[in-house]
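This is the structure I have questions about; it appears just below.
Note that the chains take the letters A, B, C, D, E and F in the order they are written out, and that residue 1 is the start of every chain.
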Amino acid sequence: MVRMRSLFAAVMLASIYSLLMAAIFVVLDAVDVAFTEAAVGAGISTVLMLGTLALTTNREKDPAHKPLLPLLVVTITGAALIYGTLDFPAFGSPDAPVHSELSRRFIEKSGEEIGIPNIVTSVLASYRGYDTLGETTVIFTAGIGVAFILWRQRRRHKRKGGRKT
Amino acid sequence: MTGIFLTDPITLSVAIPALGALLIALGSRSPNLRETMTLLTATALAVNVYALLPDVLAGGRPATAWFSILPGIEMAFRIEPLGMLFAAVASLLWIVNSVYSIGYMRGNREHKQTRFYVCFALAIAATMGIAFAGNLLTLFFFYEALTLVTYPLVTHKGNDEARKAGRVYLGILIGTSIGFQLLAILWVYASTGSGTFSDGGLIANSFTGAPVGLLLILFIYGIGKAAVMPVHRWLPAAMVAPTPVSALLHAVAVVKAGVFSVIKVAVYVFGLDLLAREASADWLFYAAAFTVIAASIVALRQDNLKRRLAYSTISQLSYVVLAVSIYNPIALAGAAIHIAAHAFGKITLFFAAGSIYTAGHKTEISQLDGIGKRMPITMIAFAIGSFSMIGLPLTAGFVSKWYMLSGAYAAQHYLAIAVIVVSTLLNAAYFLPVIHAAFFRKESAESAAHPHGEAPLPILLALVTTASLTVALFLYPDPAIALAKMLAGI
Amino acid sequence: MKHHLIPRIVARLLLPFILLFGLYVQFHGDYSPGGGFQAGVIFAVAYILYAILYGLAEVKRFLGDGIVRFLAALGVLLYAGTGVASLFLGRNFLDYSALSEDAVFGQELGIWLVELGVGITVFSVMVMIFYAFAGYHGIGDIEELED
Amino acid sequence: MAWLAPYNYWIFVFLMMIGLYTVVARGNLVKKVIGLNVFQASVILFYVSMGKINGGTAPILTGDPDTVYSNPLPHVLMLTAIVVGVATTALALALVVRINDAYGTVEEDEVQEMDRAS
Amino acid sequence: MMFVTAAVALLVTMALALARALLGPTVYDRILAVNMIGTKTVLLIAVLGFLNGRPDFMDISLLYALINFTGMLAVLKFIRVGHLGGQEEPATEPVELPESNGEGGRQ
Amino acid sequence: MNPLLANIVGHFPILQVVVPLVSAPLLSLLAFLRIRGLAWIVATLVSLITTVIAASLLASVWGGKVISYEVGGWAAPWGIEYRIDTLGALLLLIVASISTVTLVYGRSSVLQEIPEDRHPLFYTAWMLCVAGLLGMAVTGDAFNVFVFLEISSLSSYVLIAAGKRRESLTAAYRYLILGTIGATFFLIGVGLVYMMTGTLNIADMAEKIVAVRDTRAIKAAAAFLTVGLALKFALFPLHLWLPGAYTFAPSTVSAFLAATATKVSIYVLLRFDFIIFGQATPVAGLHFSQFLMPLSLAAIFAGSIAAVFQTNLKRLLAYSSVAQIGYIVLGISFANEDGLTGGIVHMFNHAATKGALFMAVGAMVYRLGSAELHDLRGLGRRMPLTAFSFFLGGISLIGVPFTAGFISKWYLISAALDDGNWPIAVLLLLSSLIAVIYIWRVIEVFYFTPPPDGAKTREAPAVMLAMVVLMAAATVYFGLDTRLSVGAANEAARILLSGGLL
């Protein structure tokens, strides 16, 4: 994906990436996440990207500079994370600190406290309902933002090229 | 937090000129109104300051505090003898200088006169703040304020040269004060938890050895207004300013604020005993001595009258520092008196220079041949000022030099005596030829082609006043000496 | 795509089912994966599908810019309003237990409401964004669309 | 799914590096956005991985008391993160469209060139 | 066992399709490959559901199928008219295929 | 009586955020209803209400109290907790009051710079930004920080892109990319801490982190959180987005963002570093001194020196912001009481100062249409009050006595001396001198160059001018009366040093 020159192909592959990710999320029991990732990553994002390509261009030029600095940055970041992973609790271990009383309570109590079986929904909408309000606001912000940025500019001349103000 | 009481005379000393500035600004439409305001304010201030004098002479130490800037650090004021002396000199000379300014500014049709008078008044307000400051931070605040409000005065002409000079002025003064002085102040606060000026020295008990010398370096070079070499460059640079400004800068407010701060810090922060005790503080004498001699030599070579006066100022300022650095009470009294003596003398000289410029548009010494006949009053005043600089009897300069020499003798500091004597000769060497040329040489042909008379009346009035004051301080020096002795504790 | 009859017909046939599926995801989210967000996306996708096949002008006839923006705001307000309602009923913000005598039912009701809010917002924002992109005509594109 | 076990986090790191590299190194503004997507998706993988319990199942109550459920909390967080991701993408792409409009290109180098020129 | 075999077979198919998507060379190869991967994912998720013993998550597969369909239509429209909204008529001129823009008529 | 009204003060923590949050969709409805003129009024009123709430919250936590509010009625680790201490409340007050002032100020400017039919959406984005920033300051939940961080970020991208020139688009895009990387790094950091502690509540994290204090994962988490947030608050060398963003955003937006946005991110870093990681390792041994201190010094010098060479006033101020952020971080990196007080008080003072400066520049742009120094010659004549306000802000930036900037520098240098760190004290003073240079360049242009021919005295509209003067007066006021700023900062510093457990 990194070395592609056609942006269209890159978008297609990004879509595939999303689909595969979603499949992996199913494997990891995160069905809700998979659901969302599929809908967003493969659906909305792809449509948006295509919309952008339609309005801009499909070609990508070869980068002029040597990507040494980015490579360094990325390597350092990766190394920091790998360094961190060495101490991670074993994958899938039920004793990991993540599966502490916090999640245990959600699993055990949400049924009676909230009354619906999908724990993810209970946590999402009730225990952490405030996060979800924020999430809705984020989406709202994006909508307002896109509408604001791509506001119809009717009296635009057909002149090509940069316009200075 | 203490409230600000406008009825308090100390607060009034700062508030009168500040309010005056406001009134002057409001009166910008009418020159007459504006100048009346200036004079009224100046008089009101002088009355206010001199009303404080008897109390201080009687041993009173009026004090007030405005409010806390930071927890535990107040804007506080306390009048001690030195501050009283400084304030008395500055407020008196402001009246004279205002009269002179009116003549000068009108005579030369200067632009932006309102800004000039406003900044002038503000500068005096800051000077009063410096004079009466009760702690290091308050002193620093007004010190910086003084730099800022005098900047527009220095760049008054508004041309490239003035801007360049303004940059040097601001760069050196702000640079040294923030770079060194603030650091020193913070150091004092960090190690003593206080910055209040106290008799006997604030840090006398908490500093010993090398740090004393280091702190002294930070203070001496941090107080750039004292113009100890090599931070003197702002002074000649600021010569581009109109003459009343030069007079203010070089005789009254700015440079005196510098040496005043030096004395104040030496006496009330370090304490003379500490300085005399610590070998690490001895360097000050050499720095001052070098400046005295070097600046005099440079002055010899200047043809521009104002530049010569500027280097003379540098040299004279370092007399004060030199007197302090003898670390002897009598010499210290001499230093205090020299603040007043030099102020009267030097302002006379500058007024004379301005008078020559206004009347004859001459700026160079080589043009002054025979001018004494055309402008006798000016040149006689100039001669009086010069004599005071040299330290001849019948002028104020003699009194201060007398005390300095006695102090040096008492401290058996023969090197100091030698420096003072040598520099006196140098002073004579660069002042007497001017007087000689003015009175005894024949006028050049070019000058004769452009005849002119004396300067306008306000200028002459001011000139005569300051010249007489210079003489008066010799004949009746008691209040000044009393204050100086109180300061030195003798 | 006037001449591409097959996709058009298929889409038209498919549309009701997609909408039904969306409704299922919206209101069955308590029992199975899904919820307001996913349902909103599904609705939006269905709508976008329709728009792609029949053209922007066609769909804007029954869901104009203004209405979409109104719906987007409405969704957020519904969510926040549920929270504010619980404030007015004397509980903390978003404490759905306040919504009913029975705390558990209150929770269910609250979740139903906020999920609805999320769904509405997500749907309308997605449509809004699609409109903005598909309807954008900058330099060189003079096609004028009715509002 | 034990075969995924130890490598899962490394895959996350690897994907993150690819994404980040694309964002930082690529000059094409659209490509950067794609990279951003990859980058964000990798973080989702990280969170979801930490929620997994061996032998667990999706956190939807079955009624069987012996069922082991994977941790639902990371899933909740990631739902939010995905939404944030798509919001960012939409906004970024809108900006790209406008930039293309104003500069006639979506290459960072060329845009910078023009900015410098003006 | 049966499900495992099925899952592995699906993965292999997906890998092959992925290779096609990466290699191209024409747009239509890629589209077809993407579509195929989508379909296989639908199946894979269904199979995984049985493998995990929670076959009730078929919703996700449904969603996949739906998204795949819509996505494909969007892609096709993009290729045909180069614009997602508005224009109903296909451009009268043969529309440049995106691929040919960048790589100079490799098809 | 209605139970809400009966206990409205008790609900202030949530109302603080919810009021602007709800106002945003309402404002967008105004666009739908085509009532455009109302948008500004509503936004300003709402902003005023939030300011009142913030002031009341600060009053009620004064003296080291902590307010906790359980959103959704779920107790702390299960639900999301709002937790307000002095520092948070101070931030709230900064954000809310600056928002109010800039809104009042910006009415004419926005009318001029943004087409009127877009106003409701502009103010919607504005209120969302305010809500996001406020949300970050009050929340006690690590993930909730991320959500509100994104709300504020997304809306600020939009606000920046609203600039008139096309460069504003690239500036917004660049900010978006770097901001998203930062936010994602932050998310990774939070994930790592969550993984090791199993909780998302900040106070709870602080307790549980003790058990895993020496793990590499926690160290990596600290690194990621710091870098992520540093990207958001533009610590050198991660400041690349800032100059463009502040230069090309609409004047009002520049003023608001420059005064508030970066501060809130620094605040989040403070909480994570002192309250969470402070438990894991002794505070002094944190990565601060080795890592943040050199960076902040580099920021101070790089920013100041870059500012010296700018010809556009807005860009000059933007680079100066980079330097000022360096001061704040430097204070924090001392990790002693004076240093923290200095850093926090500088957040406050810098908000006032930069607000005043950017507002003054906005007034100039309003009248003259340009912020190029060349076009501002003789401004002291043409717009005397604006120029004077700029002067006051400028000397506060230098740190001249009688101004807010001096107070900050005083504490920072005291902290350096307390620390025995002489060189830093000297460097700090040196950096002030660079500030003298770049501010004085401007002052010279304003006062000591003649205005171009035909220029008339024409100040900005009265309201705009009044707000500029108000902010300039504030920088002087807070240089004289420091009870609010230093008092709160000092208290906050003590709370942070005690791990938030005062």
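Quick notes
The criterion applied here is as follows: a contact is a pair of C-beta atoms (placed from the backbone, for glycine too) under 8 Å apart; a residue touches a chain by one contact, two chains touch by 3 or more.
Note that the structure is a prediction, hence the values are computed from the model and not measured.
Between the contact lists of subunit B and subunit E, the overlap is empty. Counting steps between touching chains, the shortest path from subunit E to subunit F takes 2.
Between subunit A and subunit F, the least number of touch steps comes to 1. Interface comparison, C-F versus A-C: the higher number of contacting C-beta pairs is recorded for A-C.
When every chain is reduced to the mean of its C-alpha atoms, the one closest to the centre of the whole protein set is F.
The chain with its C-alpha centre at the largest distance from the centre of subunit B is E.
The mean-CA centres of subunit C and subunit E are about 25 angstrom from one another, to the nearest whole unit.
Rounded to a whole number, the gap between the C-alpha centres of subunit A and subunit B is 70 angstrom.
Distance from the subunit B centre to the subunit C centre is 79 Å, each centre being the mean of its Cα atoms. If each chain is reduced to the centroid of its CA atoms, subunit A and subunit E end up 20 Å from each other.
Shared interface positions of subunit A, i.e. residues touching 2 or more other chains, are given as 7, 27, 29, 31-32, 34-36, 39-40, 43-44, 47-48, 51-53, 55, 57, 60, 81, 85, 88, 96, 98-99, 102-103, 106, 117-118, 120, 124, 126, 128-135, 137-147, 149-150, 160, 162-164.
Among all residues of subunit E, those that touch two or more other chains are 52, 57, 59-60, 63, 67, 70, 74, 83-84.
Contact between chains, using the touch rule, shows up for A-C, A-D, A-E, A-F, B-F, C-D, C-E, C-F, D-E, D-F. Those residues of subunit E that touch subunit C in the complex are listed here as 56-57, 59-60, 62-63, 66-67, 69-70, 73-74, 76-77, 80-81, 83-90.
On the subunit C side of its complex with subunit D, the touching residues are 31-33, 37, 129, 132-133, 136, 138-139. Interface residues of subunit C, counted against subunit A in their complex, comprise 29-35, 37-38, 41-42, 44-45, 48, 69, 72-73, 75-76, 79-80, 83, 93-94, 96, 104-105, 107-108, 110-111, 114-115, 117-118, 121-122, 124-126, 128-130, 132-140, 142, 144. Across the complex, subunit F is touched by residues 16, 20, 23, 29, 32, 36, 39-40, 43, 46-47, 50, 73-74, 77, 80-81, 84, 87-88, 91-92, 95-96, 98-99, 102-103, 111-112, 115, 118 of subunit D. Subunit C makes touch with subunit E in their complex at residues 1-3, 7, 11, 14, 18, 21, 24-25, 32-34, 38, 42, 45-46, 48-49, 51-57, 130-131, 133-135, 137, 143, 145.
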